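Structure record follows, encoded as structure tokens.
Chain IDs A, B, C and D follow the sequence of writing; residue 1 opens each chain.
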Amino acid sequence: MRTWTLLALALSGLLIAGEQSAVHAADKDMLVIALDTLGAQVMDPIMDTRAPHAHYQAPIWDSLVGFDLENGGIGPGVAERWQLAADGQSWTFYLRKGQRFHNGDPVTAQDVKFSLERVMSPESISSGAAALRRAVDRIEVVDDLTVRAYTKGVIPQFAASLSRAVFMEGSVMPKKYIETVGAKGFRDKPIGSGPWKFVRSVPGDRIEYEAVTYPHWRGTPQFKRLTLLLVPEQSTRLAMVRTGEAAIASIGPEAVKEARAGGMKIVSVPGTMQAVYQFWGLYRPEAKASPLNDVRVREALSLAIDRQQIIDHVMGKEARWPMPFAAFKYSSDMTIPRWEDWSRAALRYDPARAKQLLAEAGHPNGFTMTFWNTALPGTPFMVPIGEAVAGFWEKIGVKVEMKTVEWGAFDPMGRGEQKGLVGTASMYRTAGRPEPIPRYATTFVSKGVQHVFGDPQNCPALCVDADKAYEAIVAERDDARRTAATNRMIELVARSWIAVPIVEGMGTWAVNPKNVGYFKPIPGRHEFGDVAERMPRPDQKPWP
Amino acid sequence: MARVEERIDVELAAATAADDASRPRGDFARLPWGSFVIIAVLILVAVLAPLIAPHSPTEQSLPDKLLPPAWEAGGSTKHLLGTDVLGRDVLSRLVYGARVSLIVAAVALLAGGGIGLAVGIVSGYVGGRTDSFLMRTVDATLTFPTILIALLLAVSLGPGLGTIAIAITVLIWARFARVVRGEVLAVKARDFVALARVHGCSHLRIMAVHIVPNVLNTFMVLLTLHIGFVIIVEASLSFLGAGIPPPTPSWGQMVSDGRNHIASAWWLSVVPGAAIMLVVLAFNLFGDWLRDWLDPRLRQV
Amino acid sequence: MQRFVVRRLAQSVLLLFVLALVVFALARVSGNPADLLLREDATQEDRAHLLKALGLDRPVHEQLYLFLAGALRGDLGESIRYRKPATEVFFERLPNTLRLLPLAMVGALAVAIPLGVLAAVYRGTIVDRISGAIAVLGIATPSFWLGIVLIYVFSIKLGLLPSSRMGGPSHYVLPTITLGLFLVAGMMRLVRSSLLEVMGSEFVKLARLKGLSQTVVIWKHCLRNALIPVTTLFGVYFALLITGAIVTETVFAWPGVGRLTYEAVIFRDYPLLQAVILLKAIIVLGVNLGVDIVYAYLDPRVRYA
Amino acid sequence: MAAGAPVVLEVRDLRAYLYTRWGVVRAVDGVSFALREGETLGLVGESGCGKTMTGLSLVRLLPEPAGRIVDGQILLEGEDLVTKSEPEMRHVRGRRVSMILQDPQTSLNPVFTIGDQILEALRQRRADGERSLVAQAEDALRRVKVAAPEQRMRAYPHQMSGGMKQRVVGAIAVAGEPRVLIADEPTTALDVTIQLQYLALLKEIQARTRLAMLFITHDFGIVARMCDRVAVMYAGRIVETGPTRALFRAPRHPYTEALMASVPRMEGTVTRLPSIEGQPPPLHELPAGCRFADRCAYVDERCRREYPPTMTVGPAHEAACWRIERSPSSR
């Protein structure tokens, strides 16, 4: 019996010793960031679809269009500047001089053309690929540092779609290198032009990078090495930051109190998302009799919600008063001040008025409704917000039958005939985007995926107005008139109370001041893939 | 070859049935009053939840969120065991949670146990090819991720108590089937079954009259000892996001939600955790006592 | 022995075939990976393109045929999320689980056997009560909660141990305890009760009649017999653990196959899910076969014809 | 055996009780007897009269934790075994006192070979070393008439017949050359033909080693063949002790008389065997007076009130019954 146990222990010892050396907490030159997901963890821009790849692909690949580091939105990238042609049918990009790939090859217009075409190629499954395929007619190399893209029709936000500020596209890939080593070789030893070189990727565990040794336009890294860790459990991520095993960890608002208690600094990225609730298929005949079809009822439901309490208590103050649907302080093509005042007034907490409206609508002692509560990937705090909202509705007499569902199960219900959702409400979210209008198209235009106002076969007045308003914006070349048209669209949606913002969520991070110095995130961008290179060492810039 | 298979499973049945059998030969097995009391209180609380709970389990008051229990600084007697992230009363949720956890446990155990009992008896009694096939199915079922079934059912049947109960049932039946089969083999080997067959009893009669009563006490014991296991599985499913959906309070969900506040709000997970431990302890003691009480061999020592 | 092994393999193959069908069906009913990959503003046309790229546009029976034909050749298809062969993804992660699992099981045995023996020998005394308490603790504590509390105490408060992830030997302490406690509870009770059963038998009297000391009688004669059921439980627990490790691997950020199963389910990654479940089933059936062979070694009465 | 052989084992007023859930079972309630070298004493009585418990008390193997020796002495060549510590008892068991149990099926450890189990017993003895232990083990098997001992050594218990296994147990019991051998119904589980061989074997061993044997049984046929003297036990006490011949011819205690009457005789025709009505009293609620009172044909008022003393009724022949006092030479 004794020998049997000793033998087994020796065997396990063997296994342990064989594994690679670990990340040493005390390594000063290493910046460690703990994330809740590494997406598909595949080192190829055309292979990952959701946001995470902005974390782990951004360090290696630069985007054709970059960031406006101060107030979010787009700015100069691989292309210093770009121009929309007079006829609006093409965009010309002028590349920054002297950019190099990690293997020394220069970055040229051929690489940009090759990259955009590779994103649109059949085997590419990146989420923006479909939009690009629809937008781009053809791409022309003018000279080594100039490339022109011809679009199908006028697409005002085409340039923005080639930036990580808006979508996840526009990564510039090395044409010569990929053509020599092939796609598989490229994925095993990826090369880009970003401030960090690829070192190693341990599936499901971590990805390691090495800083480039030359100055980089995005910022020259202060740390020699960068490691992104996959730590799925939030309390474990928090523990790693507190023990110094990680410098930065992504956390949800519910953990902010715990992080502060542990002496960590909190970095909040404003305007990363907006938690909303919306009603589905009210225009459909089977939902005709539903009390939700009365706009007064819908407005009452918004007035019943105390958004300040949700911000203070559910989100631990790591959230802001929302702008209108899918709009943020850094949004373009809309008059921000007007809508700030609107949201303060229209989204106020006024339960008395709510009850009054309900009574006027013929429901003095409330009614019963179904509310789907779910959380999209990366924002688990949507479920507690949903519970709080349901709680407020119950307080004004509405009987809420809440169904909490995992996102993978809820998402398909929102596509096709949406039979499970018609006549019900659900939580949803809008991502932090400078341009609100594409998001409006998805939800309010009859041909959109969610078509909450109406579908092509059944498009009541509200649906027709929305379609017309959207067409007006898209076709408009003149900025001032496009802003007015956008305002009209936002007005139309706001007054419908069918899709209502709850709070503006923030990306929250716990930071260990002894591991990394003071840094500012990019407004609207939750991921740090484009921030790591500007993070100072703790001694260089201590936290205030 | 089948004979050898039987030997293994007879061993397992004896062992697993003895898994918790302490066979206190000659030991003074006094009635486990402690566990009777706890179980009685649990059932009472679950049944009379609306009367006992000071507040409604879903009533929120955000301003007084995360209040510590009354006896700690900052705690209020309005919320004896403090409040959670949404300001809901922890005590009330614990009380209603008892009801939910018991229902899930009851449905999962009776369904899972029932199927396991049936499969175990058939497999044990019939033996041969069907027996070894059923046992290999049991092996495979153990590798089946409960989370997949929980998620799958949530998608098709919609979230809720039923979904979780069915998901746990699929996990439970395999364990019951294996043990019951071993017990059936042990009983089948005894003389009185051969005797019954000699008297021309039909297989069904033999199973009903002879096999089931003898297997029943092991089955009863397994039921009590698996109460803890079911609640823990529900808690793990909640941790993975496939547990009983809010706003229905359940102990497993409460422990899972509390995990982010271990330092700043320890009571959120410790209170339901302690409740689970108490219930499991009570049912284990009750199971041990029940086994001795039911076990004919021990009665006339 | 050969005839037994061959028969067992035949049964296992049949079972794996049935399991493959069940998993194929279950995965598809739980949703479509394409929906998770598409952004909100993707149109039906985009969805069609993605389905085609992922090979999910083919009719179901064709997909089933491809899957089964592939399986026979050992090719279980390409993971939708990781864009590489599912078997490759699985075997990348398997060593990580196999670093933790045997350690937790052997550790549990090393604790459960002595404690079980003490509890049996000193039945009714304080030792028995303590071991009973540990057993209840093991059964009644959700492993994720135990893991998080251990991290809080040992790495945050005391700073003695790393909080999570793979690494040097110190990284193995907390995950092994978290995984092991549940095992210790079950095994200890089994060792105790089966030892009590054995201690009551006649040959124990004969052993003592030979003038052997109590310890020799217990540790040599009784324990050898008492361990026979434990080996069978070892097999059952291994099967449970290889799926049950999901929680521990999540809490300690351990990139094992348990966590991989969870990811495959959440992302509805059909090929990966099918591969993971089939490969795990093969491992479990293999381990159970191994356990039965060890069983024969331990119990001479069970020599396979 | 001549009465003059030295006394090897003397038991004085031994009491051993079992503390169970239903009260204290007074299994051995004041037993006294003596055992001489080379002599076989039969300990006889219905099942449940405490004879097995007496045997187990001698080697201090009463079932834990219920069983305990509460009073009396067990003098093995003058040393009292009751007061010895457990380590000291370990040197006694196997070397000076040994025991053969009833059921051979369960007496041997199923997972060890026969050879292992014999060698283990030999190792306990002061190894005389001049011949290897394995050879000694084979000799031990030969002495108990086990054929081909070399192969048998490697066999497992489940590969041997009941009779064979009981011989191995016998070999183990005498391996340590004990002074006293307690045989607790060693042949009950064997069929008749094997029984006779086994008894002859025990006789042969006794003749060679001059060991004293306490033979526990309920079978008078075996008593007649094996035992020099007999002690009859009833409800935890010895009611009559004496030479085998004397007890068969002139039993003085009513219980012995009734037992002898119920043994089928070869001579004479017997239509219906008499049996003793009633049941022995439960050992945890023993009556005050003589315990055979309820079932005794000659019971009187004194028998129920007072337990009779042990009186001598002949050469080395004693019995505990008031009737003896009333009619000293009834025979």
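Here, a contact is a pair of C-beta atoms (placed from the backbone, for glycine too) under 8 Å apart; a residue touches a chain by one contact, two chains touch by 3 or more.
What you are looking at is a predicted structure, and each value in this text was computed from that prediction instead of being measured.
A.B. asks: Looking at A-B and A-C, which one has the bigger number of contacting C-beta pairs?
C.D. replies: Comparing A-B with A-C, the pair joined by more C-beta contacts is A-C.
A.B. asks: Among the chains here, which has the CA centroid at the largest distance from chain B's centroid?
C.D. replies: D
A.B. asks: Rounded to a whole Å, what is the gap between the Cα centroids of chain A and chain D?
C.D. replies: Once rounded, the distance between the two centres reads 89 Å.
A.B. asks: Distance from the CA centroid of chain A to that of chain B, rounded to the nearest Å?
C.D. replies: Those two chain centres are 42 Å apart.
A.B. asks: Any idea how many Å lie between the Cα centroids of chain A and chain C?
C.D. replies: That gives a centre separation of 37 Å.
A.B. asks: Please report how many Å separate the Cα centroid of chain C from that of chain D, as a whole number.
C.D. replies: Going by mean C-alpha positions, chain C sits 54 Å from chain D.
A.B. asks: When you check chain D against every other chain, which residues touch at least two of them?
C.D. replies: As it turns out, chain D has residues touching two or more other chains at 65.
A.B. asks: List, in ascending order, every residue of chain A touching at least 2 other chains.
C.D. replies: Touching at least two other chains: 235, 262, 406, 408-409.
A.B. asks: Would you give the residues of chain B that are in contact with at least 2 other chains, written as numbers and ranges?
C.D. replies: In chain B, 25, 27, 151, 155, 259, 262-263 touch at least two other chains.
A.B. asks: Can you tell me which positions in chain B touch chain A when the two form their complex?
C.D. replies: It comes out as residues 58-60, 62-63, 65-66, 85-87, 151, 154-155, 158-159, 241-242, 245-247, 259-264.
A.B. asks: Over in the complex, which chain A residues touch chain C? Could you list them?
C.D. replies: 1, 5, 8-9, 11-12, 15-16, 19, 21-23, 25, 40-42, 44, 47, 49-50, 122-125, 127-128, 130-131, 133, 202-205, 229-233, 235-236, 239-240, 242-243, 245, 262, 406-409, 411-412, 415, 438-439, 441-443, 447-450
A.B. asks: Taking the touch rule as given, give the residues of chain D at its contact with chain C in the complex, in rising order.
C.D. replies: 59, 61, 65, 86-87, 90-95, 98-99, 101, 103, 106-112, 120-121, 124, 156, 158, 169, 172-173, 176
A.B. asks: Per the contact definition, I'd like the list of chain A residues that touch chain B in the complex.
C.D. replies: These residues of chain A touch chain B: 234-235, 238, 252, 254-255, 257-258, 261-262, 306, 309-310, 312-314, 373, 383-384, 387-388, 390-391, 394, 402-406, 408-409.
A.B. asks: Any idea which chain C residues touch chain B in the complex?
C.D. replies: Touch list, chain C to chain B: 3-4, 7, 11-12, 14-16, 18-19, 26-27, 29-31, 123-124, 135-137, 139-145, 148-149, 152, 156, 186, 189-190, 192-194, 196-197, 200, 228-230, 232-233, 236, 239-240, 242-244, 246-247, 250, 261-262, 265-266, 273, 277, 280-281, 284-285, 288, 292, 295, 299, 301-305.
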